[in-house]
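Remarks on the structure that follows.
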Amino acid sequence: MAQVRLIEYRDASPEVKAVYDDIMKARGTDWINNFWKALANDPRELKRVWEAVKSVMGPGALDPLVKELVYVAVSATNNCEYCLHSHIAGARKKGMTDAMLMELMAVVALANGNNALASGLRIEVDPQFR
Amino acid sequence: MAQVRLIEYRDASPEVKAVYDDIMKARGTDWINNFWKALANDPRELKRVWEAVKSVMGPGALDPLVKELVYVAVSATNNCEYCLHSHIAGARKKGMTDAMLMELMAVVALANGNNALASGLRIEVDPQFR
Amino acid sequence: MAQVRLIEYRDASPEVKAVYDDIMKARGTDWINNFWKALANDPRELKRVWEAVKSVMGPGALDPLVKELVYVAVSATNNCEYCLHSHIAGARKKGMTDAMLMELMAVVALANGNNALASGLRIEVDPQFR
Amino acid sequence: MAQVRLIEYRDASPEVKAVYDDIMKARGTDWINNFWKALANDPRELKRVWEAVKSVMGPGALDPLVKELVYVAVSATNNCEYCLHSHIAGARKKGMTDAMLMELMAVVALANGNNALASGLRIEVDPQFR
Amino acid sequence: MAQVRLIEYRDASPEVKAVYDDIMKARGTDWINNFWKALANDPRELKRVWEAVKSVMGPGALDPLVKELVYVAVSATNNCEYCLHSHIAGARKKGMTDAMLMELMAVVALANGNNALASGLRIEVDPQFR
Amino acid sequence: MAQVRLIEYRDASPEVKAVYDDIMKARGTDWINNFWKALANDPRELKRVWEAVKSVMGPGALDPLVKELVYVAVSATNNCEYCLHSHIAGARKKGMTDAMLMELMAVVALANGNNALASGLRIEVDPQFR
């Protein structure tokens, strides 16, 4: 059970409803997931995080699917159950196949392993990389 | 200074030299970076990690640049200085621009922040995501 | 299920019972939470950790509520389910409101995000900060 | 050396200069620290992160010094060198003494240690905490 | 529920079956745990990870029980539920007692705590250690 | 430069000197490393952490070298520069060879990689492990 009340649409203030409406419109869905219902306990933070997601995850120099893959990679590294479920779902919606997910996780595992090797052995950065 | 001796090409056993040669050939370079020189203290591990890098980071369902971006994202999350330097260099070589790096880091920051929010508030996974 | 037996009061050695009694007295409760019942498998460690909690979390230059908030912030960053549940409960008992919890998590998310940005881009510390 | 160019005030676009001016005004300083100079490579992200810092770290249900302490606690847990230097400086400016810093770190260490104990032993959350 | 299908022995390709057979033979068991069934969605990665486990966790300069203890310590630090369950089971099979597990976790907690202290206070490495 | 003054023996209070003396006696050395000099800003915490180190790292169900290896493994996972330097030195003093260090890091890398795989794919714990 979440540590704060999940605020349903029917119980939301107009300020929160406006964000909920924008989320559903942007995603083409008719429901709000729990992450936003929890954040709605602080309407300013709800709005801020939603605006950040729209700004950061939208198209740009990187395409939105690549951004979802990166988001999943970070969430796997941090072992965030909620974010893994929601963003793997999001990535699938944008076209991620099982084969892509498996390769993604192989890269994530390799990087986590090699990060520990390089940090643990205190290997110095080669001047060529600086 | 690294915690183990860095093994230079001229001092390497034939077994290690064979891996070094394969690394330089695969990368089209004429030098070996410190990561491999440190691993060479355990030739079997050197070979294993290099084979893993070739297998995991090569083309497949995801393209090699996307894999480098994911590798950088994990290394930023883990704050691995060596891996950031070497894999940002690797990503640039494969076409990453400054604009792409900035967007990548914005996604990494957003994901790390939202991971903490979702985990900290113990938000339950919506049945729709399962 | 925990990886070790949880030692109930009635099954505890006198040494463990003494710590349990001190915990209940300090907290004004009549039950022992699972964390201590697990640690009781190593009575010396049980006593050491409990003495540390009393020493570190008590009043001093920082007040106990601030210390609970910091404890929760670390537990959110590490995604420790048990510690989040027990220390959010502890913080509420010391006066933390929902509004405070939401603001706390906003700071935790911001810091986790900006940590990744600063580490990932390898930004140098300004001489003015040293 | 940072992985992107640090954009100095004199070289900044009007959009970036406006954020820089707001930062210096809010802080009562006449210089910009490297974190912002690096973010300025992505002016939209620069503005977004600065607005987030203003919104999240300002007064509210928690006072700004407590927020700085929490920020430092997260940065210590993530071992972010840049953020530790900049936010310990920020906390001192808001009144943190050496005694407060030492107590803060004692709580951070205790929480990191106990997080590992609770997670490692897979201790179940007591029903009383839910 | 795992994010990919778990591939049962009867549904596996000959390539996957060969790895499954080798796992059961090496462990003297007649079943395959979920970790491998998930990896089997990428047969090359399945084989690579299994070969890595055999190579790294086998006898050498360190004995296999010590290696399992180290694996558990890392998994506790990362809070990996699956790995804790599977490798604590593995360590018990190799001789780990409850007393050893409790001492292991005490070291893990101490190290996690002191890591945060040393990193958070930015303590410089003594020249004697370099 | 550390974030607090390093307290030298000649400047220490009798309370701190007593701990310093005990550290040097226990280790058979005639100098104090920076970790303790920083902690000495909070004499009670200094004493507490030193007593913890003596209690946890001493002989027991696990031998002191194994404990040092575990400490190094955690420090590599957390990328704690100070702790890696001091505890790799400590482990070498207790008999760790280069071959043992290389194998230790191979286990650490494997575990960090597999932790990310198991967490990222949300693989369920097999009933046999519970």
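Per-chain residue numbering starts at 1, and chain names A, B, C, D, E and F are given in the order in which the chains are listed.
What we mean here is this: a contact is a pair of C-beta atoms (placed from the backbone, for glycine too) under 8 Å apart; a residue touches a chain by one contact, two chains touch by 3 or more.
All figures in this text were calculated on a predicted structure; none of them were measured in a lab.
By the document's definition of touch, common neighbours of subunit C and subunit D comprise A, B, E, F. Among the other chains, the CA centroid farthest from that of subunit D is the one of E.
Distance from the centre of subunit A peaks at F, each centre being the average of the chain's Cα atoms. Between subunit B and subunit F, two chains of identical sequence, the interface residue sets overlap only in part, with shared numbers making up under half of the total.
Taking each chain's centre as the average of its CA atoms, subunit B and subunit C sit 34 Å apart.
Annotation: 21 Å between the Cα-based centres of subunit B and subunit E. If each chain is reduced to the centroid of its CA atoms, subunit A and subunit E end up 27 Å from each other. Across the assembly, subunit A contributes residues 1, 3-4, 45, 49, 52, 56, 73-75, 77-81, 84-85, 99, 101-103, 106, 108-110, 112, 114-117, 119-122, 130 that each touch 2 or more other chains. By the touch rule above, subunit A contacts subunit F in their complex via residues 72-73, 75-77, 79, 81, 84-85, 101, 105-106, 108-110, 112-117, 119-122. Note for the complex: subunit C touches subunit D at residues 1-4, 31, 33-35, 38-39, 49, 52-53, 56-57, 60-62, 66-67, 69-71, 73-75, 77-78, 80-83, 85-87, 89, 97, 99-100, 102-104, 106-108, 110-112, 114-126, 128-130.
Note for the complex: subunit F touches subunit D at residues 3-5, 41-42, 45, 49, 74, 78-80.
Taken in their complex, subunit D has these residues touching subunit A: 1, 44-45, 48, 51-52, 55-56, 130.
Across the complex, subunit F meets subunit B through its residues 79, 84, 88, 98-99, 101-103, 106, 109, 116.
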